[in-house]
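The following pair of complexes shares a single chain, chain A, combined with chain B in the former and chain C in the latter.
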Partner chain A sequence: MEVKLSVRRYDPESTNTVPHFQEYQLEMDEAATVLDALIQIREDVDGTLSLRCSCRSAICGSCAMRVNGEAGLACNTKVIDALPSDGTAIVIEPAGNLPVIKDLVVDFQPFWDQVKSIEPWLQPAGEEPEGEYLAPDEDMLHLAGVVSCILCGACVSDCTVLEVDSNFLGPAALAKAYRFVGDPRDDADGKRLKALNEEGGVWDCTRCMKCVEVCPKGVAPMDRIMSLREKVMDAGHTNTNGARHATAFVDSVRHSGWLDELKLPIKSFGIFNLKAMISLIPLAIRSQRAGKVPPLIHKNIPEVENVRRIFDKVENKK
Partner chain B sequence: MYDHDVLIIGAGLAGMRAALAATEAGVNVAVVSKVHPVRSHSNAAQGGINAALTDRGDDWRDHAYDTIKGSDFLGDQDAIEIMCREAGDEVIAMEHMGAIFNRDEEGRLGTRNFGGQRQARTFFVADFTGQALLHVLYEQIVKAGALVYEEWFVLSLIERDGECGGVVMMDIRTGKIEVVRAKAVIMAAGGLGRVFEPSTNAMICTGDGMSLAYKAGASLMDMEMVQYHPTTLKGSGVLISEAARGEGAYLLNSENDRFMLKYAPEFKELASRDVVSRCEQTEINEGRGIDGCVLLDVRHLGEKYISERLSQIRELAMDFANVDMAKEPVPIMPGMHYQMGGVKANVDGETGVPGLYAAGEVACVSVHGGNRLGANSLLDTLVFGRRSGVHAAERAKNTSHLSIDDSAAKPDRENIERLLLNDKNESFGKIRFDMGTAMKEHFGVFRENSSMAEGISKLSLIKERAQSVYVADKTNTFNTNLLFTLELGFMIECAETIASSAFDRTESRGAHTRTDMPDRDDENWLKHIVVSDKDGKPNISYQDVVITDWTPTVRQY
Partner chain C sequence: MKYAFYPGCVSRGACPELYTATLEVCNILGIELDEDSLRSASCTGAGVLQEKNLRLGDTLNARTFAMAEKAGLPLMTICSTCQGVMSQANQRLVSDPEYLASINEDLKEEGLEYKGTINPKHLLWIIVEDLGMDFFHSKVVRKLEGLKLAPFYGCYIVRPTEALGFDENPERETSLEAVIEAVGAEVVDFPGKTLCCGFPILTINPKNSVKMVANHTIDAKDRGADAMVTPCPLCHLNLDGYQPNASSAAKRDIDLPIIHLPQLVGLSLGIAPEKMRLNKHIVSTKKLLSELAVAP
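Our next item is the complex of A and B:
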């Protein structure tokens, strides 16, 4: 099978340090992966191509990169699935949101710094038992879904928040944080949740789902972040924009059956937060012009009591 | 130039366990690794870690005997006793550090069956135990604040008057070459799988540690003992954990026969790895294979059980062989997996070279002898990693640095310059492939005198060609092209020692099976083959196997 690859090249030592795309044409087996193709380039066509790769079986996390604009592991992405139907080349780029060192190799330092910042080690209370800590198997099985994170950075590469805010802890570090908060043996929840409630923590996620989509191991970082939000609020940290936003959201829907978009920012930021209120004025004007201002009088939907019954049912279940 | 008390080469389980132990002993520790710690190949261990916990009705002596029998009586029994006795403490220590482990109904650590053992004593985290443990040790390294030279490549060990006093290493990111002095160096650089093609091993498993130690004067032992894993995926050669058979999978031939019933009536699919691989290869060679494979069938375990306990391998089979194991059997074949041999070391990690220690797959203690039991490799890395760390720290407290300066890097600088200036045209990829396929053909599951001789002459041609490798990338930044060329040199050296050791052993034992000499010969061969470098050629000597309580008997499964 004939395959075209367009690979983003960058050599910091070259006189031409502008990244550019280089096209390669290869003859590949139907079962070949994108990594097989890149290795073939490196071994038979162009030895100057740099990339990280090692295990070839989706466990070491070395070969996260963007294939056709989306992050994933080159080793478990099949060429045949990545081939564009219009006959153009498969586009290979380095992972996003991290500085490029050379070709497909990015600098992971910011990534490791994020992971390290959540104190990623078990912090149990008191004396160690002589044998193992007793812990329910289902709790451990649940954690296995997060422990299986291989820290490949695919989620960080495509995180839409990190694209604009490098202060955000990012999906991988937050999933790792969840792994400890959710561990019955860990006793540092109070400290951990307080830190996660800070700026750059759980409330900065915009729930775009991108990390869930690109994760090659089914870790679903965003779902972990949402669980952390609940735990943060359950721990009594309700005095943040994020927590107030969540509460306002629920209150509004429970009360009227739908979202009161006018009240939402006021409740989230607090009516006396003048700075935030003023900063919303341009948005309000733009919304006005676009005809998107919600009605000033927020009416209940018909049969709103049915909505309230749903809330009651969900809350009783908890 | 940098100075450290203890420098550890490799950041897999053995290296990081050693680093923790040495840090706890209160000395200055640094780890150097050519990849970030969590990218290490310990990741790939799937099935679990063995330990005989007395409160679960098990006995370390039973574990020791299973290991000794598994080794085809080539393992040193004093070392095996230590490993099995300390196993429980290591598993519990990992649990305390944060490893989750699957549990039983009371919330205690649960076990599964594994090959060659009469007891279920394999502790596990689904089917990614190695990755789970590796990440936990990394967490502990971060907590301890140990210094890691991430993505530095070790070029050579510095040896002065028979002692090891440090290393020369290169920062992969910048190409900068540095001398590091250390009062003790622990080699924990892993295995050499890439010497064979195909192999389940990661692309970083290029025998660096064995070759570096060998060139610095250390001996290699049991190098002829190369493990073929019974279940690797057709085509890609990706590993399918022994856990599948531990959980009850069947092996079937083209006639839908569970052929292991015939070869190993007691242990069946869970006979030791060398035995199962030979049986599969025999079925295939005798025409009862399917396209060079046999079938692994887990369907009877049910979808729920498979997705809970074997989720990763199910995914691997889908991704790499397009087969859903819950719905159909998956074609598998024996594949090169592990090197039982390595740098000869004692139970404290000491090699013959003062100042140089070795632990993990790179080392040969020898606890695996002729064949390693599944789930004993993780155990080996932790027990002997910790012991090496403790003893290296002890040495560091009582010695001073050797007088070494920057000029120690001169030979490596010159070698790299020479490689970059080479205008010949051999490709490292092609040479490695040719070497790997030659090793598979002549030193694979079945071996024979004339075939091995042919293999040895192929290797000398390959060594010749390696002189003419062209390094296309001339830059200093992340020059992987240069690294592969250096690794190729390491691999060829390892291949030579495997070949000469295998050729020398005129019997069949463990993974070393000769069709022309099919019997084990305890009278002449209850001994290790030890190889050392003599003027650039492998020089063979012997060492008796240590027998404590268990006399060699006929090995049946």
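Our next item is the complex of A and C:
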């Protein structure tokens, strides 16, 4: 079948150092992957095209890039699935949120720095056992998803927070952190959770689910981040806007059945956080002027006692 | 067509214009809204409650579904976030009968039981799937020609695609564009349309949140958009309410009105802008409306 690919090219050492798209036309087999197409370009059409790959079977994690705007592994994306229905070219770009070295090759240093910073090794307590550190199967089952991570960087590429803040730990490192916090053999939870509670940690995630959607291995990094939030709060770190926001939200639903939009920001910032309180004033004035203020008196939903009873019942189960 | 109406917290709180516009629009489109059967339904949890206790969130949503089921009506939402949270909860409940049975245990006392037959739907999907584009076209009395609109979906109505049924209903992926085209306006496509508006971290990391507002609104504006349209009131709150902050952070004028989906539909159905409280936005819609030659 005939295939058109539009590949983002960038070579800081060439005469044209402005990133640009170059179109290639190929004849490909129905079973071909995007990676097959790129290799064919490099081998038969244009030897200057740079890309990373190795295993060609979604194991090594080296071929993550953006296909039609979304991150994934080139080696497990079939050309036929990526072909736009309107007959235009498949758009191939390097992974996002990482500096481009050349063409589709990005610099993974920031990625490794993030992963390293969460200390991705087991830190057990007590005396070293003679054999392995043993853990019951059932305690390890919940880690089956995270240990599948192949560190390809697809989640980092499309993370909407990293796009505005390179200080964020990012989905890959946070999922890795969960892998150790959730490991029954690891004894560094206290230290780990304290660090994850800092700025750039678990609370900065927007819950946009981009990482869940693009991960080729079902790691679901965002779900791990949410579990870490719960663990951070359970460990007693409740003095952050994030923890206060979650608590205030749940309290509002418990108490009235729905969201009290006036109290929420006040409780999230903490009533004594004067600076943040003052930062709310301009919006309050703008909203007032536009006639856009939530009702001052927050009424409970009818029969709210049913909601409260569910809260009591389910929370007792926990 | 009659639906059990789930308005969500925001349309009854900070975005009353969304509620009003929805009633007006549904009236003309022949969508009958039952406002009673879900009157005592709770918040979906918006994903925040689920962070703390997933089962609690699923129980509250099962309760809402059971109420709609009891009334014998399909359920309509007008919020991308409610849609997503409900779809995700529903997927967990319906795919695991044992889990559903144990959740139903906690609903018993109220005389409720969820049987798993509800398929929550946003007004956007109802227009595209239940009414159909041909019918919708036939109702449009004022073509909004010349208007350039950037779509902004809101994360929860586009991800995760599995829970949202995108495989069975592929038209959902481009539903907002379909409505923009049906009202005669031009779609301004931009990569931010399915990304995060920044609302969930507004009180957690305001700087990042405002940066997201700036990036999306400026990108849409630079691509020629006259306004942005969204099916999500939370996106509206951030993109509209914090646009002045985004503007000063980015040190440039943005001035991009953010229109709720029902307001856009309403304009094409000939509903007067003030009836849909288009004059109650932070970013003024005055210029936009005067270009459309409809009085504000």
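Basically, the second predicted complex is superposed on the first by the 306 of 318 C-alpha atoms of A that agree within 3 Å, B and C clash if a C-alpha of one lies under 4 Å from a C-alpha of the other, contacts with A are read in each partner's own complex, and residues count from 1 in each chain.
As a working rule, contacts are C-beta pairs under 8 Å (C-beta built on N, C-alpha and C of every residue); 3 or more make two chains touch, one makes a residue touch a chain.
Quantities reported herein were computed from a predicted structural model and do not represent experimental measurements.
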* Asked: After superposition on the shared chain, which partner residues are touched by A:Trp203: those of chain B (first), chain C (second), both, or neither?
  -> second
* Structure fact -> Seen from chain C, its contact residues with chain A in the complex are 9-10, 12-17, 39-43, 45-53, 55-56, 59-60, 63, 106-107, 109-110, 155-156, 159-161, 191, 195-196, 198, 200-208, 211-212, 215, 241-242, 244-245, 277, 280-282
* Quick one: which bits of chain B touch chain A in the complex? Just the residue numbers, please. => 35-36, 38-41, 43-44, 55, 92, 95-98, 100-110, 125-126, 128, 131-132, 135-136, 139-140, 142-143, 173, 202-204, 235-236, 238-239, 308, 312, 315-316, 319-320, 322, 427-430, 470-473, 475-481
* For chain A, which residues are in contact with chain C within the complex? -> 69, 160-161, 163-165, 168, 199, 203-210, 212-213, 226, 229-230, 233, 240-242, 245-246, 249-250, 252-253, 257-259, 261, 264-265, 268-269, 279, 282-283, 286-287, 290-295, 301-304, 306-307, 309-311, 313-315, 317-318
* Residues on chain A engaged by chain B in the complex (per definition of touch) -> 11-14, 31, 39, 42-44, 46-48, 50-62, 76, 78, 101-103, 105, 108, 112, 116, 119-122, 124, 128, 131-137, 140-141, 143-144, 147-148, 150-151, 183, 185
